[in-house]
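In the two complexes below, chain A is the common chain; its partner is chain B in one and chain C in the other.
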Partner chain A sequence: MIAELRILPPLAIARFGGAPTPMDNYDAIVDPEEPLGYRRLQPVETLEVDVDSGEIARAFVPERLSFSEGGEVRPVAPFLELWALTDGGQLEPLTIALLQDAGATPAHVRWRVQVANRKAARRTGDEADRIEADSGELADHARHLLDGRCANFWPGKSIPFGHVQYVKPSAAHPQVRLRFTPAAGNVYGASRTRPAAGRPADPNVTDVVYDGRRGRWLGHVDTDNTSTVPAFIYRGDSEGRSVGYLDDGCDGIVRASLTVAGRTLSAFGRVGAGPPTYAPDALPIRSVADELEQALFGPTVTPSEATLERVEEIVRRAFETVRLMNTAAMNRGGMAAHDRGTGRRADPIMAPALVDDIAVENLHQSLLAALRSGSAPWFADALRDFDEIGDLSDRGRRKMPAMMRGADGRHLTLTRRQIDLIRTLVRGPVFTDPGGEAT
Partner chain B sequence: MLRQSPAGDAGLEQARLAGVEPASPPPPELSGRDYAIFLLRLAAEVEHGLMVQYLFAAYSLDGRNAPAQADVRAWQETILGIAKEEMGHLVTVQNLLTALSAPLNFNREEFPHDTVLYPFGFRLQPVGLGSLATYICAESPADWDDAEALEIKARAQIDAGTPVNRVGALYAELLRVLGDATLVADRDFDPLSVAFQASWDEWGRGYREGQRGAEAMSGLPQLPAPELLIREVGSRAAALDAVEQVGEQGEGFETPVDDNASHFRRFLAIYRGMKGLGDGAADVVRPLATNPTTDLEGPDIGGPYDPATTTPIVHEQARLWAHLFNLRYRKLLVNLSHAFELSDDPGDRTTLSPRGALIHRTFSEMYNLRAISGQLVALPIDGAQPDGPRAGPPFQVPHTLMLPSDEGGRWRLHRDVLDASAAMIERLRDDGPAGGRAYVAALAQMDAIERGQIEQLIAGSGRMPAATGAPAS
Partner chain C sequence: MTIEPTNLTAQLHHRAAGNPPSTLPEAAISNCFPGLEFDVRNVWRRMFEGIELHEAHGLVTRGEGDLEGLVGLELVRVGEARLTLAVRGPTATAEDALLDTTFIEWSNALADVLSTSVGQLVTCHFAAPPERPDPDPPIVATAELRVRPLMARSDVTNEPLALIDEDVAEPGELTQSLCSPWQNDYRECGCYYWAASRPDYVNRESTEQGPSIGNNWMDRSRQPKAYEPDNPADPRQLDYVDLFRDWQGLLRFIVGGRDLE
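Our next item is the complex of A and B:
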């Protein structure tokens, strides 16, 4: 018997794309033959949804991966699966059979998706700048547009945030799931006069939607020093005034409900949409996943969680991040230039001889190689602590991760949990005997 | 005999303030400047030798069976920290040699052990009260003569076979010579040589003011984190300051005010802790062989090891690892010495020279030495005695550390060492435990990347190649 419902994954991140076919599924794996190289993208089982019927037409493993189609980026369109916690405490996929056991059918499952883009509203403080879309309750298998509407838009204007589709369970694919397909990744404009029909004059803009007479976003200037939102990272004119651009990114809540035996069960998950990954074989040194892990499990690790493999993964991500940086340029610009505004001249962060891109990349590769020997990490003290992000002394600026900015505009730091993982191993034995026993 | 220096000489004044007397005449056949160079080259060898012996000692510690495991881990980290500081001393001494337009010295064992300026005969051995006593005496201040001193000096003499000389005496003599303008003239210090010298910014890796190295020493909070002294020298005053700082960190010309900062005090703390373990002291030390060597016939080609105490590594796999270790050790020294041949042009902030890459690669080889040591300390030295002594890092001196005179030749030397290393890696790839195989697979790829870069340097400009996308494989 179904006791509770869950949506898995509880957080799904879509990526923009204008191509009609969503991106195929793949893993990014470390090639054992080239452990210091790029991750290898390996195609894995992909579900193809028939747009009209809403059923899964086929499950296949692509022969090769292609990130674009007809010159457009293929969107990453995640599935949100509905799972059931049964009376036996088992978590299992909700299927046609499980529904039947409960006296229900897939038609009894109700979905609702509410997403929003509040980027402008967060800066202007005007609730009327919130752009929101609501699928309404749905139980059919058609595509439902997520039409982003805003009180400060011109009449009849909206921003499409993509669409959702309740995938129709079938005998071959009996599981209950919903697919979120994000928008294309377009930019929308603002005007103080009613926009004319046809293509906007601004080539960056897909449509002019925002009424600059009604709202404050067009011409807005950041003045709130207490805001945690990084200031002025919107398109502005020479005076820093917003030109009124908006995008079709969004995030929000997916809800599912099911009434069985007179009891309504429900679950919710979260979706978000962001830019495509243009370096899919690399992972950033710090990601939302790290934040969530820290929020869920706390800032410290247990001894059993402190493994060399996890440290290696952090170092690998550091290497992959460095690989995408022009370290020589960042040593003079980037955070080095940023520090100028906080009392330091634009001094280079590192000794200039040390920041050659390839040399820095190679150094990280040698770290990776050494860690694979079973030798404990030794570089915990080189890491920047959370309370050192504003330390603009040479020693503070040279800590790792170096030359990168965190969300608060200060030097980037790893999460406390990531640092604790490394520190735990540093305090442990220097060598792990080849037999596996730590010594 | 006291000599009168030119009046008002800043170096002499600094030497006087440091409590040292003006220098005696140099030995026959040596001019004053030449004598300073002789002493600095000897100092380089001493620092290099101490660094290696301390690394070996640190790697021999094993906290698994310790009654207070955290302390053993802290002892280990403390000795590793001292070894890092010796590395700083070695680099600073090379800076001093560079300032005097003298040849650098990254070699060991060129000088006779029986000179009063040489602390004790080189010996790689696991940590014990005897070896610790030897290190303490070598790093001790001149005025150390309490009851504990007598006990430790006696133990050190038994361990070393001869009375142990103080390293401080060598630095005191250096201070005297460099402070005497009649022996070393002001013009002998070349301020333009600083561009070729190692700087803390490039080589310090954050080891200053307790910023690095403290994490693994939490069991001994009273002992300081490593403090890397890397001083650039362009004048007599800077030279005297550098020598004074290096000498002070070793043992202090007098009992240090900041007790625990000196190597002497840190080794003494470990000695006392280990002595407190009584018979249990043996349980915290791996049974590493003394002076392990890949030479089956006796003393290796690299150095005058004592045949009576040299232990050939006969276990086949351990020998392969030991050969690989020696090659990486050589590569480290080649990187280090090559970096000194390339200048850091402060006026050129747009063109990158291979100097930075050589510095990074020097540290990369330190990581490799640590990784390979981890394999060696776990392997028996003799396959016929699987429970017998373990092999350890052999640190054998290569047949030459002379660098070719031209850049092309230097890069060919790098390539030669990589090629020899590749042959060892190939034999280790399919053999041995998983950790070792995973490591050599990564090392092989790392070396292939570096080899590709070196080929470009040999063929081309001497500058680092531009990014080319995917690493070579």
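Our next item is the complex of A and C:
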């Protein structure tokens, strides 16, 4: 019996691209002998979906990775799998066989995808500026366009947010899944006169969709403390007035349902579409996963969670960001410039000799070596606590992570859970015997 | 393959067959100011039942019923958890001066409240937006508000799932405070927090003289290798219009720190 459905991953990220073929699959592998080296990108099994049948036409390992095709970026188009909580008390992939056991077939599974772009509505406060797409309930295996419509668009105009396809389960690939393919990443425009047919006069935009007479987005100006932080993050003219540009990014909800034995089971997951990861062999130091883990599990860890592997991964991710920054320049600009904006004295953050990229790499190498040898208790004190973001003294600004910005616009701190993980490891006993006694 | 239903970490990080690692939340920037994939600050806007908050600070933007009177005030403390801090540092005339006040981003500021008080009433303290920096503004209103769970719950066990609840963010709300269009902020913003996704310094080479040489990722030409800070007005670098029209053709993927040819 199926007790519950879940969609995994619960938050899937798609990435823009106009190329016809979605990005292939790959692993980003850390070399244990060179923990601060670049992750090696290795092609792995990729699923190719037949556009017409909706079936997986082939599963293959690409010979080499290519992020572009014909001058356009290949979109990252995630699969969302439907999983079932079964009698065994485990989650397992929902398959044709599992459906049959429950007296159902893949045709009994229903999907619905609702996504939106509310960027203009967030600024204007006008619900009529919401751009929304709804696939409606679907159980077939055709591609369904996510057509973003808006009350303040010109008649007949819309922004395509990409498409979804319920992948047809087959004998070779019996799992139930849906694929979300995002939009190309285009810019759309606004006008106060009905747009003419054909290519827009403004070469920046793919189409003119927004009716500037009906809504306030064209000409909007951020004026008060309800504005986003930072404010004015839209395309504006020299007076800060919005020129009415929109994009085809979105986020939203994917629903799945299945009626078996007179009982309807349902699940939902989330999707979003954003820019490509232009350094695919690097990961951000503080990620959405870190925020969700803190929200799920709290700001502290248990000693068993504080493993060297996890702490090394945080250090590695910090280095992966720093390595792609010009630290010498950021020592004078970046957060140093932010600080000057508060009226702070204009000083570089670090002594110049410390921010040379070789010195920064050596610092992280030394840190990893110290972690591995259990001799890094100093690292606990070098971290910036969440309630130290207002400390712009020389000492406060030199804490780690250094020279980066947090969600509050201040010097970056890690999540409290990440910090606790590091501190629990570096302040804990160096060795622990199998019985759990510290030695 | 099976997953323990209570293993939320495994579910959050589950990489579906065929999905590249860039589809996972660990590949998405969360030190959002405002962010690239999501502005994850939006997750905390509805954490207290009856009110809605600004995604970036304590301003109450909506209140239900009797709580409507809180609109325009700022939530500055929840129980013992402070949401604001003094910003202090040296100036030209003093070694330790009050420079500003700042809100602490939600994820860290409310971590204890979320960890201990979901479903419970907590005392929320509100102040008027200060006209000048004031780390301890006078409290003008308090309210007992119930803490809303941010995560959806299992229909079977009622245990939390690794899934942002529907009541927390409607479609479009996780990205609503990002730039429109995204290309504008992608060009506008400095690179000091998202370089792992939007690189800054590439094709780096060490020199015998000491400092390295390399390119700003936005350089139109990779020769000469002479890094200049981000400046859309610099004709040597890509500008806003370039990205509006042809970001796909102009931006280069960076692997191993270098342009992927």
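Basically, the second predicted complex is superposed on the first by the 406 of 439 C-alpha atoms of A that agree within 3 Å, B and C clash if a C-alpha of one lies under 4 Å from a C-alpha of the other, contacts with A are read in each partner's own complex, and residues count from 1 in each chain.
As a convention for this text, contacts are C-beta pairs under 8 Å (C-beta built on N, C-alpha and C of every residue); 3 or more make two chains touch, one makes a residue touch a chain.
These figures come from a predicted structure and were not determined experimentally.
By the touch criterion stated above, A:81 is placed in contact with chain C alone, chain B being left untouched.
Touch criterion met: A:399 reaches chain B, while chain C stays clear of it. Shared-chain residue A:310: touches no atom of chain B or chain C.
With both structures placed on the common chain, the touch criterion links A:36 to chain B but leaves chain C unconnected.
Of the two partner chains, neither chain B nor chain C is touched by A:157. When both complexes are overlaid on chain A, the residue A:382 reaches chain B alone and has no touch with chain C. In the overlay built on the shared chain, the residue A:427 is in contact with chain B alone; chain C does not reach it. In the superposition on chain A, contact is made by A:374 with chain B only, not with chain C.
By the touch criterion stated above, A:360 is placed in contact with chain B alone, chain C being left untouched. Which of chain B and chain C touches more residues of chain A is settled by the count: it is C.
Chain A residues 38, 328, 356-358, 394 lie at the interface with chain B in one structure and with chain C in the other. Only residues 59, 62-64, 73, 76, 199, 201-202, 205-206, 208-209, 211-216, 218, 225, 286, 344, 349, 352-353, 355-357, 359-361, 363-364, 367-368, 370-375, 377-379, 432-436, 438-439, 441-443, 445-446, 449-450, 453, 464-465, 467, 470-471, 473 of chain B touch chain A when the two sit together in their complex. Across the complex, chain A meets chain B through its residues 32-38, 328, 332, 348, 350-360, 362-363, 365-370, 372-375, 378, 380-382, 394-395, 398-399, 423, 426-436, 438-439.
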